[in-house]
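Two complexes are shown next, each including chain A; its partner changes from chain B in the first to chain C in the second.
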Partner chain A sequence: MKKSIFWLLPILLLSSCGPSGQDGTSVGGDVSELIFSKFDGNLEKERGAVLHILENDLAKESGYLKELLDGFNEKYAEYGITAVDANLDEYTDLVNSGPYGTGPDVLYQANDSLMKYVPGKHILPIPVDRLECYDQVSQIGWDTFTSDANYNSTFTYGVPVNIQTPLLYYRKDLLPSDWQANWDDNKNNIPDMVETRNSMYQYSKQLKESSGGTKFGFMRAMQDSYFVSGYLFTYGAYIFGNNNKDTKDIGMHKGNAKYGAKFIRDFSAVMDNRCTDLTINATGYSLLANGEMFATTNTPDTTRSYITTFRDVLINPTGQYKMTAEEANKYIDENLVITTLPKMPKNGDVTDPNETEFIDTTMMGGIHGYSISAYTKYPNACLAFLDYATSYELLKKRTETLQLSPAREDLAEVTTPINKEIYNMLENGTIYMMPSIEELALFWPSAQTLFADLATDGLRKDNFRYDTLDKIQAALEKLSKDVYDAIWTLQ
Partner chain B sequence: MVQRITNYFTALGKVIKNWFIKLGKNTKSFFVNLPRNTKNFFIGLYQIIKHYLITSQYPVYLSAIVMGLGQVFNKQYIKAALYFLVEVGFILFMVFLGGNYLSGLITLGVNQADPILGIQGDNSIALMLMGLVSVVIIIVFIYLYISNIRDCYRTRNVILNGKKPNTFVQGLKDLLDKNFYKTVLAIPLIGVAVFSVVPIIFMILIAFTNYSSSLEPPTDLIDWAGFESFQTIFGAGNISDTFFKILGWNILWAILTTVINYFIGLGLALLLNSKKLKGKVFFRAFPILAYAIPGFITMLAFKFMFSNGGPINYYLKLFGADTIDFLGIDSTWTARFIGLFVNAWVSTPSIMLLATGILSNLNTDLYEAASIDGASKFRQFYKITLPFVVFSTTPVIISQFISNFNNFGVFYFLRGSIYSSGYFVASDTDLLINWLYRLSIDQQNYNIGGAISILVFIITSIISLLVYVRSPAYRKEDTYR
Partner chain C sequence: MIKNKSSKPKRYLTTILVYIITVIVCFIFFFPCLWIILAAFSGTGSIYNFNGFFPPNFSLKTFEQLFTGVTDVSGDTVMYPYMTWFLNTLIIACATAVIGTLLLISTAYVISRFEFKARRKLMKGALVLGMFPAFMGMTAVFIMCTQFQLLNNLWGPILMYSTTAPVGYLVQKGFFDSIPTSIYEAARIDGVSNFKAFYKITLPLSKPILVYTVLTQFTWPWSDFILPKLLLQDKSNYTVAVGLMTLPDTEFSRFCAGSVFIAVPIVLLYFFVSKYMVNGLTAGAVKG
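Up next is the complex of A and B:
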């Protein structure tokens, strides 16, 4: 219980000494009116407020947070309202800090993190229609932060800021020299291997075989549930039924999920056993940079790490490239490509080189956004901060500085093309929103166990466990049952 | 006849008159003497009470009624005031706080919080904690209450024996002299109570609640759930299967690690103690270096060494061999042996240092005598060295066993991300302490975690006790004295 509740003991001892207990059982009148009466827009009564803003590490390291805070403080200087860095870990749990007065006023976290605060009423419903960004954010974005868990009423508890979904990172300079002749069947000047998984499989197989297992095509940790669950979703699987709210309906075996699981097993065979543990998550940047692998998937927030590591390799005076910083930047611009994921085979067989029908890959993703702590004393100032931080200008700056994908349509249109594609993915449903309920924590371990076993099976030489679709289907049914048991056994 | 009647009434009148005169005189005398008599009455009463109080144990009863009152009659006024203040303080605490806390300990709160509407509810965890603190305060008060009576009784005996009791200042001086052990023990005792006993009892109490991931105090109220957590562990199929599988491995692990670490440590100590070995200081530095590096750094380093992308697999690949998934999902026994090895690496230096110190006290005449009798080196080790070292280190072996039983670090660092098929939220190398962590911290099922903690405590206590009472250190205490 080291990370446990015992560290709270001194705080509890102190906090419990205060007055306790008004009767909180009945809430009369129009709840919506009562709640939104906090947001009366009167900044004068919150004069002198100091807002503690919890942002992610990327925003801090890049200097964006400072820019954001300075801008806000300047704008609201007349009211003496200031916003400061909360100086807390980016994953700070409001449940353990808010009630004890040590939490932030405004939080920037992923939708699953923020929405898990809703049943406990740790974050405030927000009158989002008063925000400038309201009309520009996708309805799916708003829906992600909407819940009817409290007061039998539907409220929006967060403001979407960035869309997070896995993308393909590949190096153009590692394409075969004859790719235009032999790896561009549809002659659209886009390599086949980044268009379809089957071509990527063939290329990966070819690279591994020709290099004696020292070079790889596509590689990533295949036990990482966040990244590989999408292969199952693509073929109809889901985690929880009823829009990820029904924890009794576990659907990891539904539809043709077995094709997605077979994909994991098959693709592992053209990687090596590094795909079965998580160390590759840390070493993946250098594997791509030093050319050991051609492509991988990751989320947009890691783009800076790929660029930095690649640049380090390029400018290394004792390395292969020995470039100047300027040459390296130009080389990276030309050769490090970030694009949407290749399509999956409709027949579910990634090893089939003759498959001609493909479907879009659905991947697990999420939306990072802002929420307001229910423990704040300054709701109006917080709302003003949200309005400022999600305004067109600020989000444009954020998108450019942090290289993230904006949740605002008007920004997705004008920034990089990939942002527009990601926005479209959100709109057309190929981003499977990470469930925003506490029970998700019980999905990861069971899923990780099976995915690791599937990946290991792809590398086994004999004693295969999942060499038929029936065995895979049975394993997926067991996965759904395991998740169900994990949730309901301990309820 | 008339004369006789007249005389009779005259005499009667005189009698009545005299009676009234006497009554008047007596009444006057009564009121005149009333203050003096009253005073005398109370003086007499006081004398009687004083006699009994001073020459008997009656003040002890007064101390039982009001703390410190008996000490007043012992003329220990400062002590009396302190005891009285304790009682007053306790009564005030119970009236204004303790009563609520105790009722909170029973109900664990009735008012649900609503942070959105700014409604502050009951904090179940705080109520439990404060209820627990109240129980501790009550226990401390009972102790002080009894000590107040015992103090009064002892002091009375001193007085009745015609001696002079200690003054308050003398009592304080004694705390730095003949009662110094009390002063020295008080601080650690309070420390242990506050930082060990209260959290342990708190954790035990949690095991009997429904505090799981679905509840988030202080906004949610938790409730007492009796033995439900234990029923879940032993009743729910997949959890009880996992529990017994892990328990079996955990016991085997604790025995193997204790034996391996002990004999490797002893072997190293004997080796480095050998007269034939040159440069002992130099060689002794290596195990100490391994010991000096923080354990988790060593474990992370080994994890990297044995990972699929680590240096061992790199060289295997370089020399044309197949890579090995040392810590992967299929590598149950490989990972377990690596765990034993890593644990030995981290732990043996401390055993080596301990054994080195003990060996330096061993009488070398015994070896000379054994050599003359023709005993082989192994026989000398088996009959002289081993019993001597085992005798001296039995408590250390038990503590090693317990710490190995609860060895959290090795498999947390080596295989923390693995979940094995057939196990409920655990890997096949997890020990109970790792499983406890996954259930209580990762999955936030604090009640199940608390129940497992209690079971671990019971198991390690029983094994340690059994081993200790059967050990030579306990049964043949005087052997080496």
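Up next is the complex of A and C:
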């Protein structure tokens, strides 16, 4: 009898805790009610609040932040609530500033940066269903900012603002003059090299060979894990299992990931050794502007840098073009094209010019959004700011000014066609969302080492290390094991 | 005495060899500086379109952007307020030079001139403490500054630099040791107080070491990165070193211009007071 009571007691205790539900509900009481009690909507009691807003440099540079703050301050003037620029580095770590009273009240950062604050409770769960944007943001967007790490319940900790995923940047004026005759097999008036990777490979090879290695087709840092992991994801790899939450299931070798790794190796051969050097991330703007390369990939937030660098080259009085500012702007509008990524070969062989079956490229992406610091004294004013900053009008202005892709569906439809395409990519899963857990930090270095090795191998003349798919598969399995060991060995 | 006939040509050969090596070493050290200076005057404002090592054309455009703080993109938003950073650096360096020198000189003087019970232990303690790298105490410094409300406050780095300065008192003590004790004994017989002896006798005799101390106390915060990065998080409180490090990759030319300009005052100072510097350093180093 005593024994049975001994076993019964913990079971009773556990059952009294009850199963946790979604959105902060649990048996035995509504946790969300308690957690959200500070968001009582009473702005009067926060009269005189000064909110410190951490935005990114792009918003500041373009003047958008000033517009946003002025608009908010005008709207909430009756409550004496003002928002000011936090004037901190855009990558400021809330962990090092929040507890000491020098951090921002509202932060705008990428999902992986924001969600790393969740386990330490540095950011607040947000009652997002009270926001005007709630119904317009994709569920995948909300899920990205959702965590069950605290309070034994699931809460949303951020409000999605814009989607980041690699896009193709290319120069129309660098297309071969006969492209419509020889590089448009399906006669859809879109160059083949921006439609399929195999055509891009052939064009890159041709450019490199004909210029003696001074001009290139597609070029980028091939060991940059953020940009090249997507080639593996396209063929079925993943970082963490169970929707990027199971850190014991590392899947960088799963599916036909070896095709993606082979792609990295093969494509490096038509670049030069700069593809194994991260500095090309900074020099890429000039390489495209100078015409040294035809195309590259980057995220939408870099568009302004491509445009300004290109314009500098075009208006340079001692340069090749010597254009006026107006001529340069017109030339850029006509020739700098931003589009979705070319499709990948289904058989995984990018060097095969006769491949006819292609699949969509899946690329790693992220969502930048707003969160509220747990150290703020003005949660209601912060929520009001989030509501204002993610409203249709403001996000439209942001999208147009900063040339970003909005996370709101209604905006994606009315702004540029590329924004609609990016939103659809998010919806149909061709954007592999960057895991929102801190273990991700242990993935980057191991992946970068292997990708650099693959890219270097592609540039070798002999003594290849990854010349068979079996060797590539073995390297990928080792990568998965390395990431697992990095996470779990010292746990 | 036997004269070595081959000594003269050998001496010439050695001199030529020394000159060649010196020129090569100077070039190795000077070349990066030259490159930074030329990059700062790059006409395009970018370093990625150079012909080889050097910019294809030159202009003052980057310096104009540096001093106005605006970027090409907006044209009216001050993203990189270099002059504010410069002023902050100047305030921190000047204040540290004054307070740090005062503390350091008085510490060295006391250790040099007075015999007291814990003197030896204090000297040894300071010597051992001086061997630890400064960044070892950074976490403690950060926590202390949060408690004293010195985060995002220029007084934070000023006090940290000044109060740690006396640990390196040895050079100054060496100099004070070289002043004959008899002068002080004569002054004491005339009824001069300790402070007056320091003020009227020691200081006038210690110009070289004073200049050396002020200069070293000034240059340390002028070029330091770690402490201001730790304590000054608000962009309007940045020093030049921290501000320049936050510039994006695309602003390398501005980085070069900022680096060149920040070096100007310190180079001028060294040129004008190098005589005192050498005197102070050698005089302090003779006796330990």
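In the analysis below, the second predicted complex is superposed on the first by the 461 of 491 C-alpha atoms of A that agree within 3 Å, B and C clash if a C-alpha of one lies under 4 Å from a C-alpha of the other, contacts with A are read in each partner's own complex, and residues count from 1 in each chain.
Quick note on the criterion: a contact is a pair of C-beta atoms (placed from the backbone, for glycine too) under 8 Å apart; a residue touches a chain by one contact, two chains touch by 3 or more.
Since this is a predicted model, take the numbers as computed values, not measurements.
S.K.: Looking at the overlay, what does A:413 touch: chain B (first), chain C (second), both, or neither?
M.R.: Neither partner.
S.K.: Please indicate which partner A:446 is in contact with in the superposed arrangement: first for chain B, second for chain C, both, or neither.
M.R.: Only chain B is touched by A:446; chain C is not.
S.K.: If you stack the two complexes on chain A, which partner ends up touching A:485: first (chain B), second (chain C), both, or neither?
M.R.: Only chain B; A:485 stays clear of chain C.
S.K.: By the touch definition at the top of the document, which applies to A:122: first (chain B), second (chain C), both, or neither?
M.R.: first
S.K.: Quick check for you: in the superposed arrangement, does A:98 touch first (chain B), second (chain C), both or neither?
M.R.: first
S.K.: Applying the touch criterion given at the start, work out whether A:283 contacts chain B, chain C, both or neither, answering first, second, both or neither.
M.R.: both
S.K.: When the two structures are overlaid on chain A, which partner does A:327 contact: first (chain B), second (chain C), both, or neither?
M.R.: neither
S.K.: Which partner, once the models are overlaid, touches more of chain A's residues, chain C or chain B?
M.R.: If we count touched residues of chain A for both partners, the winner is B.
S.K.: Using the superposition on chain A as set up above, list the residues of chain A that contact both chain B and chain C.
M.R.: In the superposed arrangement, which is not itself an observed complex, chain A uses residues 283 for both chain B and chain C.
S.K.: Please give the residue numbers of chain C that touch chain A in the complex, ascending.
M.R.: 43-46, 48-49, 56-57, 71-74, 76-77, 79, 146, 151-152, 233-236, 246, 248-250, 252
S.K.: Mind pulling up the chain A residues that touch chain C in the complex?
M.R.: 57, 60-63, 66, 87-89, 92, 97, 100-102, 281-283, 285-287, 290, 304-305, 308-309, 312-313, 316, 318-319
S.K.: Show me the residue ranges of chain A that touch chain B in the complex, using the header's touch definition.
M.R.: Contact set of chain A toward chain B: 1-6, 8-9, 12-13, 15-16, 19-25, 27, 34-35, 95, 98-99, 120-122, 124-125, 150, 213, 223, 272-274, 276-280, 283, 374-375, 438-439, 441-442, 445-446, 448-450, 452-453, 456, 459, 485-486, 489-491.
S.K.: Taking the touch rule as given, give the residues of chain B at its contact with chain A in the complex, in rising order.
M.R.: For this pair, the touching residues of chain B are 109-117, 119-123, 125-127, 129-130, 133, 199, 202-203, 206, 212-214, 216, 218-220, 232, 236, 238-239, 304, 307-310, 313, 317, 323, 325, 327-330, 417-421, 424-425, 437-438, 440-446, 448-449, 453.
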